[in-house]
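First the structure, which I've put down as structure tokens, then a few questions once you've had a look.
Here the chain labels run A, B, C and D in written order, and each chain numbers its own residues starting at 1.
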């Protein structure tokens, strides 16, 4: 049976752990199979979890989060017959599939939509804990926005420096208000549970927000411009489907692979104008063809757009 | 007065078969006590005999394990202090039960407020207090915060509390332990006034003189039991002392004349301003020679504490100090880095502090740990890097043996010893160091007569061994009994020096009040009321 | 003149309290529709049933010993150090800097050097709160809380912007050099010829922790400094009378406290992760408070309490890993254990005392 | 009231005035944000004030708030009524207060341990129950409509909106808050009045300073302390309900995010006095609002990294504490159970 390990944020983090869970759930629904799942409680357990699952015969073992990278590097070699998949991190080993997402591309599209929706010329970005991964979102978003409104400005806030930053909707709400007061009329929330407060406040205050990771459009129909979905669920689902035959190597879940996207559904249909949709499609094509190069913050820890 | 004639009338208080245990300690065992209405009834006994416990039971603070209480002839169940108060019982505890940062007025109304709002109660209490002040000369500023009051005044507040609650029966637990003689005398006049009004008073004290002076009857407790109840007029201090302790007690200090040698401590023009800028010491000069006891008399709060602290090497923070001192001929720093309590000990200065519970002992530490207290650096208590606990324990056990500390268990925490035995531990620790100079503050406060006798003997023995002793006490009796010379402090100054044999309490009282010898003014004029009647006291048993 | 024998107070009371806590926990487990028996066996099996489980239990316990001792030393000076979290985090930074930037050829050399680094950084983080408390009277509870937040921010900055290898997603430092990796206890056991605790993170730091317990016991109860700390903790006027400088002792006690908290990093950062990750402390600083208080501020008690919490952590972790019981259940069980053994202990002690008192009375009566 | 005791007030108001002069619009937003952010702090701080003034230390403010936030959100979601949610919030917090009372009053246990345990208990139970009830990993579903406390427009706010100075202050700041904000602010004078003008307040303060004084006056120490602890429970309950049903729209695990500890710091900062509590919590709110509004302070030569702006409120707190506030002396009997017979 396959196995899935969630990172410290926990299965229901309203973010990518939850998306992973959705993917596994879909696989169960479709195949009727069973799988094992684990939630981490502490750093020291990572290795324990991997080894125990490997030894108990689970295959493949999928894990969410870059934090597993280091441990997996150590462990993978000990279980050559087991396949591993790690999300958000590259681990080079013959039995590991590294799934990386081009968050900057998805965020770029979200930035375009924000740029077209914004009347004030100011949009906001609120990240959760101040870590590099979130800067990747921020940077893509800013580039997309600037491509539409080169003179516009992006307000940037991070909720905090401890894991509490992922679960502070109150602070999220206040940051939202602060950005609104500075003129923001579209706010992109990349902050886990904190994002709930951001979307809520944006809806309360009558401005638009952008959700992240899973499709959050329906949380406030008509008030969430879109969601930058990161199809962790697909990655998990596909890994589960592949089973022991999981392809090792780096798997880039980019726009082309539908790994990232901006969600359009009935909840935000009224907000997404045809023009906007056209711009997004054009950008997608541009990115696919290499015409548009979205800078990845991780390559040099810097962002050209800010 | 009342007591004798009203034999038929029911007693104000009758206790029958009261027993009380705290865990394994039997504090009261089958106690009977009858207190006739309108009398002053003394209760005496060694430290830890169970006096406070018995009175606290009467006041509803503790619940007895067995026994019966009758108030005015009717049995009452005193479940809590509220019942006691309603039964007309008031109590002034040995350790005051005041809220330190409340005003006098707030303390007085606490628990007997009229209605949910404070304002009416406060203004009513203000009026009543004024009346009580006039009736009993119990004046205190109703708006002063209690922590700013002297202990004497704090006690007044406790008495006012009881009177405000209209107590008919007033229990006072060691009320004079912290009072100056003048304040004590004032208190007794108030008590007599109350008695004249028909109120009943129970007085616990360690001072037999007070018993003889003011009580009608006296009961003696020993080890939780009531061993005797007698008419005061039919007994003597010697007999009472023997009943209390179970052996004969010498009430007078037995000492030969001093043979003073070279000066050990010379202090010149010592001045001190505290952190608030208040001048506490205004030019103190004194000499103490080897083999003599210099007594410092004075109402507390006139700079004695500051003097002891500076000489002991720990002046209060932020104080500014002037003047100089020499110890055995070498300069003794009075401030700055060299003024250090540890260094003082190495210089041969021992110190029995005024407050044994706050400074002299760590109450949670065992007796043996307290024997090393202040002397933790001493070489015989240390073995290289580590403290030599075995050595300390052996030393502690030996000291407890020599000073008859009871119980003789050095593993017991200090707080589990009675006051007298706590004081013996401190005295033993400091005296046995054989210091060249011993600073002593209030050596016998709250200590029973058996222990007083013992401590006094030790102090005299140290003097006879050729050591210098500075003795600060508010007990004039004690000063006169022990000192070879007496200096009187007032307002940060030394008002004069006298030889004990050649002075009277009256003369000292005047000096304590700040009246210098050259002023030949009538005794009553210009003297604060607290000290005006010092000379009327019959004293000088020494 | 104690009310009951010491063994009853030291063993019986906590044991009964523990049973009560477990009883309530069982009710909670029942209430969420699971089997308490299964939960218990999973926990015991997972934490104590194998050398591997023990390896984890001891690993966690090691963390808690350090933070517990840290709280204890400060507590004896009547300082409530709730900054263990921040101090331990800074200790991790100290370890990382030492191991990354000093060429240390062998773990036996690296360990003492890293210990110094960890202790120095932890102590440094405790210094300012201590100094402000001693000199300015700034309440140490507030300042240490604030310093926890500040440490988190600082560490975040340093990890993300300075120590993180370029291109790495993970806000973590590079791995420490291979040579400095501490031997796990399993390696030591293997060297001695038997198989123990394979793949568990417990390492030589556990032995360091045991030594620390002993040394702190010596420090507090056998040295002059310890005596002075305890005096100051009981009575400041007493300390002044005894010639003990409150400012000096306050600062020293907090430096030791912070140093101990920092030393935790030897275990989790150097011994387990072998690199510095964000939030490496994971709340062990706060658990240290509970451990110290439950351990009655005595190293032996702290060791036992740390083992108990290590057991709860590992057993609870197993529970969450292999059953459908949410991991928050462990937090609830921990809370109940803290509550019953630490705060509601008199609920058990009072009736016990009464029992022993009547037993003693009747037996004494019989002798008469 | 001397200068030293008013220092926090002067400081806080000074910051407001300077800010308003420098950038009126930002100041209005920032101060408004501060008012919202300080509300739970203020309520929790006053809760701690009652408890600690009565001699029962309470480091479980965080846990009680968290529990209240959870019960409030759950009941508000199920019933659709914010008011019922509020009642449930108070109930949840009170239940923990009762435990604290049992441990620290009846069984004379260690108050700090009890507080720690309560924090753990709340942190675990909220998620455990929430997961059991809603299956959202401890979150409650989002609240809508009457399930939340909405802003209240005070009379005359619209009319005054354009009046200079008064308009922004009255219409922009004072009006438009939820009812619980007004409750919190009203609690300050009420607490002051109760503490210093009523019989209950006198006894409460006495029992925290010297319980024996209360006992010998024939008043039950136990009852007084339970009352104080219960009041603390109610106030924490309101604080938690405000977090979940006023400021946000539902419960998220650990959503108190350390506010209980900040409230505790504010309480010490305020030296256990109500007016000072107001200003101390205002200061924390203000500092957080400033950090929110200026996430990357550009000082020309260097850009202060956002991590440091995030830590700024804590750094400033330490500086202010060391620089201005001086020694804080807790209620004398605080932290110690009242033990009559050893």
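Here, a contact is a pair of C-beta atoms (placed from the backbone, for glycine too) under 8 Å apart; a residue touches a chain by one contact, two chains touch by 3 or more.
These are the chains along with the protein names UniProt gives them: B = ABC transporter ATP-binding protein; C, D = ABC transporter permease.
Remember, predicted model here, so these are calculated numbers, not experimental data.
A.B. asks: Quick check: which two chains are joined by the most contacting C-beta pairs?
C.D. replies: The chain pair with the largest number of C-beta contacts is C-D.
A.B. asks: Calculate how many whole Å lie between the centre of chain A and the centre of chain C (ABC transporter permease), each centre taken as the average of the chain's C-alpha atoms.
C.D. replies: Each chain's C-alpha centroid was found; their separation is 36 Å.
A.B. asks: For chain A and chain B, let me know how many angstrom lie between their CA-based centres, rounded off.
C.D. replies: Here chain A and chain B have centroids separated by 76 Å.
A.B. asks: Where the centres are mean C-alpha positions, what is the separation of chain B from chain D (ABC transporter permease), in Å?
C.D. replies: 46
A.B. asks: What residues in chain D (ABC transporter permease) touch two or more of the other chains?
C.D. replies: 131, 138, 258, 307, 310-311
A.B. asks: Scan chain A for residues touching two or more other chains and write them down.
C.D. replies: Correct list: 10, 130, 161.
A.B. asks: Of all the residues in chain B, which ones touch at least 2 other chains?
C.D. replies: Answer for chain B, listing residues that touch two or more other chains: 23.
A.B. asks: Identify every two-chain combination in which the chains touch.
C.D. replies: Those chain pairs which touch are A-C, A-D, B-C, B-D, C-D.
A.B. asks: Using the touch definition up top, name the residues of chain C (ABC transporter permease) that touch chain A in the complex.
C.D. replies: Chain C (ABC transporter permease) reaches chain A through residues 56, 59-60, 149, 152-153, 155-157, 160-161, 164, 166-172, 175, 199-201, 268, 272-273, 275, 277-280, 282, 313, 316-317, 320-321, 327, 330.
A.B. asks: Can you check the complex and tell me which residues of chain D (ABC transporter permease) touch chain A?
C.D. replies: 25-26, 28-30, 32-33, 36-37, 40, 131, 136-139, 142, 243, 247-250, 252-255, 257-258, 288-289, 292-293, 295-296, 306-307, 310-311
A.B. asks: For the complex, which residues does chain D (ABC transporter permease) have touching chain B?
C.D. replies: 196-203, 205-206, 209-210, 212-220, 332, 340-342
A.B. asks: Once bound in the complex, which stretches of chain A touch chain C (ABC transporter permease)?
C.D. replies: 10, 38-39, 41-45, 47-49, 51-52, 66-67, 69-70, 88-89, 129-133, 161-163, 298-301
A.B. asks: Enumerate the contact residues on chain A facing chain D (ABC transporter permease) in the complex.
C.D. replies: Interface residues on the chain A side: 10-14, 18, 130, 155-158, 160-161, 164, 167-175, 177-178, 181-182, 193-194, 196-197, 200-201, 219.
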